[in-house]
Amino acid sequence: MQHRKHEPWLYLAPALVMLLAVFGYPMVRLVILSLQRTQAGELGFVGLGNYELLFRDDVFLQAVRNNLKLLLTVPVTVGLALLLAVFLFERILGWRLYRTTLFLPYLLPITAVGLVFSYIFQLSGVLNDFLAAVGLGVLAQDWLGSTRLALPTVMFVIIWKEVGFGVVLFLARLMSVEEELFDAARVDGANWWQLQRHVTIPQLATVIEFFTVISIITVLSWVFGYVFVMTAGGPGNATMVTELYVYLMGFRYNQMNLAAAVSVLLLLVTGIFIFLELRLRERSDLGVVS
Amino acid sequence: MRKSMRMLSLLVLLALLIPACGTPATEAPATEAPATEAPAEPVKLVVWWWGEQEAPGAQAWLDETMALYTEANPTVTFEAVLQSTDTLIPAFQSAAAAKEGPDIQYFWGGVWTIENAWTSAIIPVDDLIPAEEWDHYINAFERQYDGQTWGVPWYLSGNPVVFNPELFTQAGLDPNAPPATWDELLVACDKLRAVDVIPIAGGVKDGWFGGWLFSILARQPHDSEKAFMQASVGDATYTDPKFTEWWGRLQELKDRGCWNEDIGSLDYQQGQDLFVTGKAAMLFGNDTFLAGWAETMGWDKIGLMLTPRYGQGALADDYIVTAQGWGITSWSKYPQEAADFLVFMHTPDRVNAWFKATGVLPADDRLDSSLITQPQLKQVYDWDTTVGGPNLENFIPSIMDEQANFAGVQLLFAGDSTPEELGVLTEDVNAKWREQNPDAAANFKAWIK
Amino acid sequence: MAVWRRLLRLPGSLARQLIVLFFTLLSLFPVYFMLVSGLKSKAEYLENKFNLPPHPILDNFLTAFAGEKFLTRFANSAILTVGAVSVSLLIACLAAYAFARMQFPGKRTLFNLMLSLMVVPPVVMVVPLFVTMVRFKLVNTYQGAILIYIGLLLPFSVYMMTNFFQTIPHEIVDAARIDGCSNFGVFTRILMPLSAPAVITLTVVNALWVWNELLIALIFLQRDEMKTLMVGIASMRSRIYVDIPATMAGLLVATIPIVVLYMFGQRYFIRGLIGGAVK
């Protein structure tokens, strides 16, 4: 298309300004903040001092540990989404309805979902009542109030919410695969498992990778809502995560510099995955979003 | 490739330049000359507060008080905003960072007020309020630092142990002689369990109750709140038996089955509900709720007692009471007008109206005590004025409250930590606080005097 | 193994049916729970938590509305959503036009850089953004929050619109140029009208995101009268809310708009969220 040399920049300007304002400048400021501290009323540079303090803070270390533990949800989410998508693809009765319903959790606000689940999981809540009603009362637990079970319970909710996205994603991709591939395999006598292993999964390979990366990024840096509403980081920091730590440090204890340091670390880690995602996108020509 | 690198570096350069040409926050236009005359200009006082949650009826009283004041002083109008518990502090900190927001801010006593003096977010009020007034305010000491007073008390919030006389009788306990010693408390637990009543109700999921338990139980071996302040600044250690004993006592209560089983999955209010609905016999409560509970349960089901004693310190015998109150912000354009309003809140008419509206005791001795007809409230008044003692939560760093008390209590009830470990946790949290916050620690030390 | 395989195949689709059904019910349960609890009285709820309400009442909705400044919060969420989505849409379309149809140095790098911003977690930005917003007195303002949301929405929006613009055949554009249309004219009179489906999809996806957002709203709109619905819900725990049915009723009101929109515009949600690239 013909245009004057500077014309694109006119169209790009508003977007560039906004992105610089919301991402560019803050990132620079972030790094600077993370290297400063207020001592005796004066704001000064302390090099990596804040980072040092962080690595000696048990609560921070616990947060990191928990985020890593949350990674365990990824294989479950991906695997479950795959399974369900395959079943739906096989056009079981009512598959369209199932797809619609399975996707719904993904759309609901985390805040509302978290609150509802926190009532469901109370010791005197619906889940335990149900277990008692079917004679499994002995399994009743204080799901969110036990230091052992709180994080797994949060994991359950995360999986519950994220699976739908994978199902729809995989299903859409499957439906664009040529039928012949499947027919050919079936004609060759492949059973269900072989079909999945040799046709379905390879066809879905890039999407699976993509969804995996998205899921990883999700549990590293998009779980604030779940924890804030369901457990507030408790009991006893059992569900503390880095996002909550940033929030508390920055806005409850007024420690902006420490909060900035954590943010920088989080950015670095996410950066690695961003890089991975870019490479994947280039390879697959796939356009999806978190 | 080189071209895009140039492009990128240009962008980065741009990013760095923006702060240089961004408009710095301009100072608010200079106010009129200091008030030597009644302000002819209209004055709007913004009040951010908390308290309806604790003292139902406060909102109505506040609205009425503001209306009356505007009637008498037509140039002064108000905007009052009730905050939620979770955002009371963060909202104020944002306001303090931006240096705009409320003129009058609600604060809990002790460190919750004083820490804002350290950051210069509030101003001392001694010069703004007539000297005679201070003689009538109760618990003003909670807001004193560096020889000045940094706020005005409003109402009193105390921590009795509330019990249900009916359930006591049911269990074979004498409602007129509630447990006074620790052993008596344990025995009471046994008896209540035997008739299928929850002995003590609680909820620790949202954390706050952990702070109360600390204040109520940890105090007993000590003589003064200064002991804790000293330990927090490092002049004593929280791993000493005198400090860890209370964790052991709490463990004792837990092992004895004194608490509701689901204490870990209930928020404090939900735990409180167990008492109000008659399922639990005792509650570490708050006297501001008494009038409200009486409406649901009836006064005959509400009995009061002091915390059963296990310790020998001077703090073991007292009635924990704190004054919730107000502060005037350092950016307020109308500090004198704000102070005048605070004084108006303490006129006898308003003080009596407060009590009538909420059933909560005001932090002012000009209350007409003949208004207190309920024996339970009379008891509270009596305790307030004779054996009132400090609420420890007001004298420790807030991070210790949250990371040691809130979290520690949760861990204890989850069966995850022993009393010794919790003592270590407390010490570690305080050491961390001193390291991350050298300025605050220095201020704290100065405060101890 | 052989037994299991046979089990799977014989009533093959039955087994699959059951598994899918199970997870579907699991997906629905919380919504079901919200619904039935919101219609029960407190006593009914305590008695039986998972049955249908024997005598449905609407009182809880009244309680929710009365106690929580619901309408204000609802309005705040709406203002933010409309403001952020509309402005970001405009800005994104302009930028996408440049990416899709024009040439300029560094185009590819810039595009990739912008894409990578899609996965930057907002939490990383909040601290410096807050400090900056304070300096510019934008905390507790609609403008401040909307600006942040626009920034966060742009990467994905530009990406989507760029992709879409690229699918519009060159012939149409060329025909318009021959008729004497300027570049801007092409933009306004050809490209945008043709982009209706993409715009709708993008609007739906972005609106959902802003509506559901918690962290930014929590930090930048702390003044009570500015709080959004999500923030109000999150603070619900710490109020005197032992009234679970009332809480559920409140949550229902907060989530019903989404559910209704979804039922009517399902394909927009689905298409939008998986990027429309999987044809």
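Going in written order, the chains are labelled A, B and C, and every chain counts its residues from 1.
Methods note: contacts are C-beta pairs under 8 Å (C-beta built on N, C-alpha and C of every residue); 3 or more make two chains touch, one makes a residue touch a chain.
Everything quoted here is computed from the prediction, not taken from an experiment.
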Self-check item: Selected pair, greater C-beta contact count between B-C and A-C
Solution: A-C
Quiz item: Which chain maximises the distance between its CA centroid and that of subunit A?
Solution: B
Quiz item: Which whole number of Å gives the spacing of the CA centres of subunit A and subunit B?
Solution: 37
Practice problem: Please compute the C-alpha centroid of subunit A, do the same for subunit C, then give the distance between them in whole Å. | Solution: 15
Exercise. Please work out the Cα centroid separation of subunit B and subunit C, and write it as a whole number of Å.
Key: 38
Self-check item: Where subunit B touches two or more other chains, by residue
Solution: 90, 94, 206
Quiz prompt | Residues of subunit A whose C-beta touches two or more other chains | solution = 16, 21, 25, 29, 125, 251
Quiz item: So which stretches of subunit C touch two or more other chains?
Solution: 110, 130-131, 219, 234, 237
Quiz prompt | Interface residues, subunit B side, partner subunit C - complex | solution = 3-4, 7-8, 22-25, 53, 81-87, 90-91, 94, 97-98, 100-101, 206, 267, 269-270, 273
Self-check item: subunit C residues touching subunit B - in the complex, by the definition given at the top
Solution: 105-106, 108-110, 113, 130-131, 134-137, 139-140, 219, 222-225, 234-235, 237-242
Quiz item: In their shared complex, at which residues does subunit A touch subunit C?
Solution: 1-3, 5, 7-9, 11-12, 14-16, 18-19, 21-23, 25-27, 29-30, 33, 80, 83-84, 87-88, 90, 92-93, 95, 98, 100-113, 115-120, 125-126, 129-130, 160, 163-165, 168-169, 172-173, 176, 191-193, 207, 214, 217, 220-222, 224-225, 228-229, 242-243, 246-247, 250-251, 256, 259-260, 263-264, 266-267, 270, 273-275, 277-278, 281, 285-290
Quiz item: Which residues of subunit A touch subunit B in the complex?
Solution: 16, 20-21, 24-25, 28-29, 38-41, 53, 56-59, 121-125, 142-148, 231-232, 234-238, 251-255, 258
Quiz prompt | Touching residues (chain side subunit B, partner subunit A) in the complex | solution = 11-12, 14-16, 18-19, 89-90, 93-94, 119, 204-207, 261-266, 398-399, 402-403, 406-408, 410-411, 413-414, 416-417, 428, 432, 435-439
